[in-house]
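Each of the next two complexes has chain A plus one more chain, namely chain B in the first and chain C in the second.
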Partner chain A sequence: MKNREIASTGGAVSAGIPPSSRMQKWIHRHREGIVGYSILSPMLLYFAIFAIFPALFVIYLSFTEWTGINGLPAWVGLKNFRAFFTQGDYVETLVRAGVYGIIILFFSLIIGLLIALLLNQARFGSGAIRTIWYLPVLVSFAVVAQMVTTLLNPVDGLAKQMMIRFGMEPIVFQESALWMSFWLIVITVWKGVGGTVIIYLAGLQGIDTTLYEAAKVDGANRLNMFWHVTIPSLRPITMFLLITGIIGSFQIFEPVQLITYGGPHGETNIILFRIYQDAFQSFNFGMASASSVVVLVVTLILSVAQYRVSQRKVT
Partner chain B sequence: MVHKRSFIESFLIYGVLVIGSIVMFYPFLFQVLASLASNRDYYATLIVPIPTKWHVDRYVDIFLKPEVYRLYVNTFLRCAWYIFITCFMSLVAGYVFSKLRFKGRDSVFLIFLASMMIPGQVTLVPTYLLYARWPFAGGNDWLGQGGHGLIDSWAALLVGGLVPVYSIFLMKQMMDSLPFDYEEAARVDGAGVARTIFGIYLPMTKPILAALVIMTFIGIWNDYLWPLIAISSTEKQVIATGISSLMAATKQVGKVPDYPSIFALATITMIPPIVVYLWLQKYFVQAFAMTGVKG
Partner chain C sequence: MKRSRKSWFVLTVVMVASLLLAACSSTNKPESGESPEAQNDPVTLTVWGQPGIDLPTNVDKKNQEIYRFIQTEMEKKYPGITIDYVGKGWGDDLRQNLMLATTAGNPPDIAWGEDFVPELAKLGVLSEVPADYAKDLAEGPMLAAKLDGKNYAVSGMTGIFALMYNKDVMKKAGLDPDSPPKTWDEWLDMSKKITAAGKGEYYGSVVQTVGLGGTFRIAPFMRQLGGDLTTQDWQSITFNSPENIKALTFLKELSLTAPSGSTALSDENALYNLVHHGKAAFGVAGPWHISWSQAEKCDCGFTPLPVPDGGKRANVIVGNTLWFVLKQSKNQEAAMEYLRIIASQEYQEKFALATGRMPSNKAAIANPELVNAIPQLTIYGEIVENEAAAPLPVYPKNGPKVWEAWYKAQESVLVGGKPIDAAIAEAQKTAEELLK
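Now for the complex of A and B:
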């Protein structure tokens, strides 16, 4: 601290010019603050308009009815929230997003951990394999979804042709919510599991090797080591992946919009697509905002939970 | 774990890894082969389409289409802009939060961080309305009435997310790990703020910058939902939405559609992010290791 004082009084802009007036002295003393705020204030202004204002605006809008095109929002009190919890399929779409999220997480965590463990053991070719697993993360989900739609097309999709060729009764996937959910989950796991692999791999490489040596001295076999060293060390990462995964499930959009269209009969519809439909197809911005606010509340609860868990010491 | 491994163990490890990788890679293989096949080969697929004649001309045709060309240019411009902004902002703001000491600095940082708790889809609707009702833009009056505001303009593609909080956070972490001696030396030398940031810190934070380039490029290249709602005219369309609608349009042609061209369209959108990743992946993994797991 002492050194820093000396450095800043002797340095920079006014080096060599003795501060003569009070004003100059003040500027000199607060140089870091002046520089800091002159950089931060335009950022803060931008931030107020593009981050803070929308967050407050959505809360206000959720108590109103507005087409967004003409006039001003009309205050309707809790009407939208009442509709959310009593009418339509809003609660279902929210819960469904969470359920999809949990199923997707279940598979990505297990597959991701398994592949990361094996990659960590592999002596050669691990770079290439890691890249292959990461490839789906890099590509556009919308484009992937369009291809899947092409393949699953009930009229002339390749999937139908192949089922016929193998002597099967062609399944019309679009008629069954179960099949559509199946495809949605398979594709989303395929698209995202590479990220889980990379994160677990980073976690595995970060484990203190002395822990393994200590375990070995204590006479632990490899299974013991895995169970009592590896798994507990990965727990914070797993918790992180779990919470962010569930939060992320409210962001699933492309496969629903392009593959299932929420169908059949809205049985694969999930919350973000519901918000999209309300806002940009029905121009019911009040209702869409109310749904957004519910998502926000759920997300904040999950984030707080994650924070609480991550603060807990690893045993 | 130093451990002598039996043959069977290695065999199992590589067996699972290779089979898993084949499953992961299969869709790409299918897609590329399908894009080179004819419609007949495509429908004769057993495991993957086997092109009897390689239709490379399909790719040439696609690139000669002005609308595809336009999508590429638009998206590259948008990526370049956001890569520049992300690197510039994270360097400058990361420096301020890490190396300067003044009252209120940590409160501002906390406000920035707190905003990361709000997921993007929650502010989708108000952000759209903010753009649509932007005063004095796109035929709007001072109350934001009457026109379409910034919607369907280049501003809608370039104005959002100019303060990349997560990147700033990563950069601050990185700069925190650099000793303060550099800063002292810069001050003793009388280097200005700009020179300190871009002359001293930029070269030292290159791995993080490379990771930011990858993340930004892939994020913007594949950005779908925002352009979908904000852009309607064809000449301002970006690649994710544009190719997606071209793919959908191919299926709706009256005569038998040329299915392989759908896969060719898909392939050309996937190449740039994969190339960028392969080019910079060394830094990407390094950045992961340095900053710990993201979040």
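Now for the complex of A and C:
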């Protein structure tokens, strides 16, 4: 009430008050807001510079042609988007990223859940075993790539020597798109599954034990309990992993850049590596930005659809 | 309570203001608008290039001598000059680093690369080099340094391909190590015999198939038949010429005599060490293999590339290091002086003696002292004299993508099993679209 009075008479009163006092009053009135925004401002500034501006700039660049070196971006309208859908291997690399992503996600969830279930049962050394499973997540992809290229070296790699020792005809993995896709998927699952294990383990340990006791009283066996108690209880976590996994599936980059280089002859190339090639090898920032915008839209659509479906099932 | 709130508010405002001011402040020295040269301050030049043997980080005495020579020469005009050599990779890595640095506005003063000078010149990134700097340099190597008839670089050394053969492997297979193959048929025949005799211990030929390195070693064989990747003016794509298809057919057949899995190798060192270490008899090699094979203790010989029936001797200019000045450099005069030294006979002779590489300076090539010191260079000298050689083409538009289309074709044929006609036709179509 008091505030409203001050506000309604503010104009008349302020005429007779010196400016410094008016300023003080304004500050006093908005002090909470000022403090709040002052605390937030470094973060907002950071967010604007490193997230909002680049995102808007990429959207703008997607309608232009620009090498980043000479001159300003030249407006070309939808040319880059037309090229994305009609020329080169853009759609192919996008679909391939999706396929790799789905397979990687599938195996990560299944293997992650199985390992988490085992770790949840473990009586001895569970901390050490958990650490071992999580270790690959901490190892740099550059190190992993070096290990894998040494292992798969077509001339004298360990894998080749093993095959010869066991009397097999050695396989030159680098000659086959199927084999290189296989290794990409295996390496990515192996490297990332530790994170899934930890999240599932946290979920398993958060399930109310009385639910299992009640199920036991009702005569449920272990499998029944798994299907009717564990799986439903883990649904929110699974949905979280699915959504982040789908977003992540379009962001597979390091194994392709460091292990297959998109080969053999471009058959393991995926959209993010294509964007990198366009931007930092061809210096075609317009095309790279248009591809990024397409990936953004596809990821958004899939994430929203996924979220909607999950919400419907829960309700 | 009131006081404490007020203090908190004041503290927050001061903190945010300090942060913003700190973020907006500049640590740069005030701009005088003049280059260090004009201010008479000691000049600092930054030179980017390939890390390893050719940069002064290498402790080899001869190598150090070269850089002392450059330093002494530069000191004559620029007393107290500092020259920073930075290894920034080679080929695509170097090109990418240069483009990124140029985009960010902080490229080096000078850099040296091999295959992208016309592309950078077209983007307006390079300074034009005065014509008289290149007057003593061989024309072939300088072709890769030009755009629209103007020079944008000087050639510091050059190279061409020969056939390297491991004499021990030839002996083991019952062949005369002093009679290397002269024709495609002889080469293929010998390779097959060696592979058969080796029974998995040693093989016929290594064939480099991946990326630019692969193209460099495929192009001479296309040219021997009159084919090439483009027309002579570099304006139209000719991937699908019958001559190119014939050359790829030969190389595919040759690759079947290679050590198992080696055609998929992208690591050039690993591939040629198969020849140096006696796992294969033949490989296409530039002059840098002379010192390299000696370092690996290989009894390796060098001979001109075998020629097909009805073909002629032809080659590709390779290992052609081009030194250029970036337009954004604030030390234009000093950087150009550096290029003048690189093009000089004195520097190129010293460099050739230290590394076994071929000079581009015509007077240096003719120096008998050089051939006495590195007798294998005689073969390369003979090749330069008798073979038509030119650099790989520079595409008028979308260069990296046109190359990508070609690499895909050569790899799918030589590493994979894709039919040659289909692979080449696909690459031709893609490249033509990219040039439209």
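Simple rule for what comes next: the second predicted complex is superposed on the first by the 272 of 315 C-alpha atoms of A that agree within 3 Å, B and C clash if a C-alpha of one lies under 4 Å from a C-alpha of the other, contacts with A are read in each partner's own complex, and residues count from 1 in each chain.
The rule we apply is simple: contacts are C-beta pairs under 8 Å (C-beta built on N, C-alpha and C of every residue); 3 or more make two chains touch, one makes a residue touch a chain.
Note that the coordinates shown come from a computational prediction; the quantities given were computed from them, not determined experimentally.
> Go through the superposed model and pick first if A:172 touches only chain B, second if only chain C, both, or neither.
second
> Which partner does A:261 contact after superposing on A: first (chain B), second (chain C), both, neither?
second
> Tell me which of chain B and chain C touches more residues of chain A.
The partner with more contacted residues on chain A is B.
> Which of the two partners, first being chain B and second being chain C, lies in contact with A:70: first, second, both, or neither?
Both partners, chain B and chain C.
> Regarding the shared-chain residue A:221, is it in contact with chain B (first), chain C (second), both, or neither?
Neither partner.
> State whether A:35 touches chain B only (first), chain C only (second), both chains, or neither.
So A:35 meets both chain B and chain C here.
> Examine A:283 and indicate which partner it touches, taking first as chain B and second as chain C; both and neither are also allowed.
Touch partner of A:283: chain C, not chain B.
> For A:295, using the defined touch cut-off, is the partner it touches chain B, chain C, both, or neither? Pick first, second, both or neither.
first
> On chain A, which stretch or stretches are contacted by chain B in one complex as well as by chain C in the other?
Chain A residues touching both partners: 35, 39, 68, 70, 153, 280.
> Where on chain A is chain C touching in the complex?
Its residues touching chain C are 31, 34-35, 38-39, 41-42, 45, 67-70, 87-88, 153-155, 160, 170, 172, 174-175, 261, 263-266, 277, 280-284.
> For the complex, which residues does chain C have touching chain A?
5, 8-9, 12-13, 15-16, 19-20, 23, 92, 96, 99-100, 102-103, 123-125, 210, 259-266, 270, 274, 398-401, 404, 407-409, 411-412, 415-416, 418, 430, 433
> Tell me, which parts of chain A touch chain B in their complex?
3-4, 7-8, 10-13, 15, 30, 32-33, 35-37, 39-40, 43-44, 46-47, 49-55, 57-58, 61, 68, 70, 111, 114-115, 118-119, 121-122, 125, 129, 131-147, 150, 153, 158, 161-162, 190, 193-194, 198-199, 202-203, 205-206, 209, 212, 222, 225, 237, 240, 244, 247, 250-251, 253-254, 258, 272, 275-276, 279-280, 285, 288-289, 292-293, 295-296, 299-300, 303
> Once bound in the complex, which stretches of chain B touch chain A?
Spelled out, the residues of chain B in touch with chain A are 1, 3, 5, 13-14, 16-18, 20-21, 24-25, 27-28, 31, 42-43, 45, 89, 92-93, 96, 100-105, 108, 111-112, 115, 117-130, 132-133, 145, 159-163, 180, 184, 187-188, 190-193, 218, 221-222, 224-225, 229, 239-241, 243-244, 247-248, 251, 259, 262-263, 265-266, 269-270, 273-274, 277-278, 281, 285, 288-289, 292-295.
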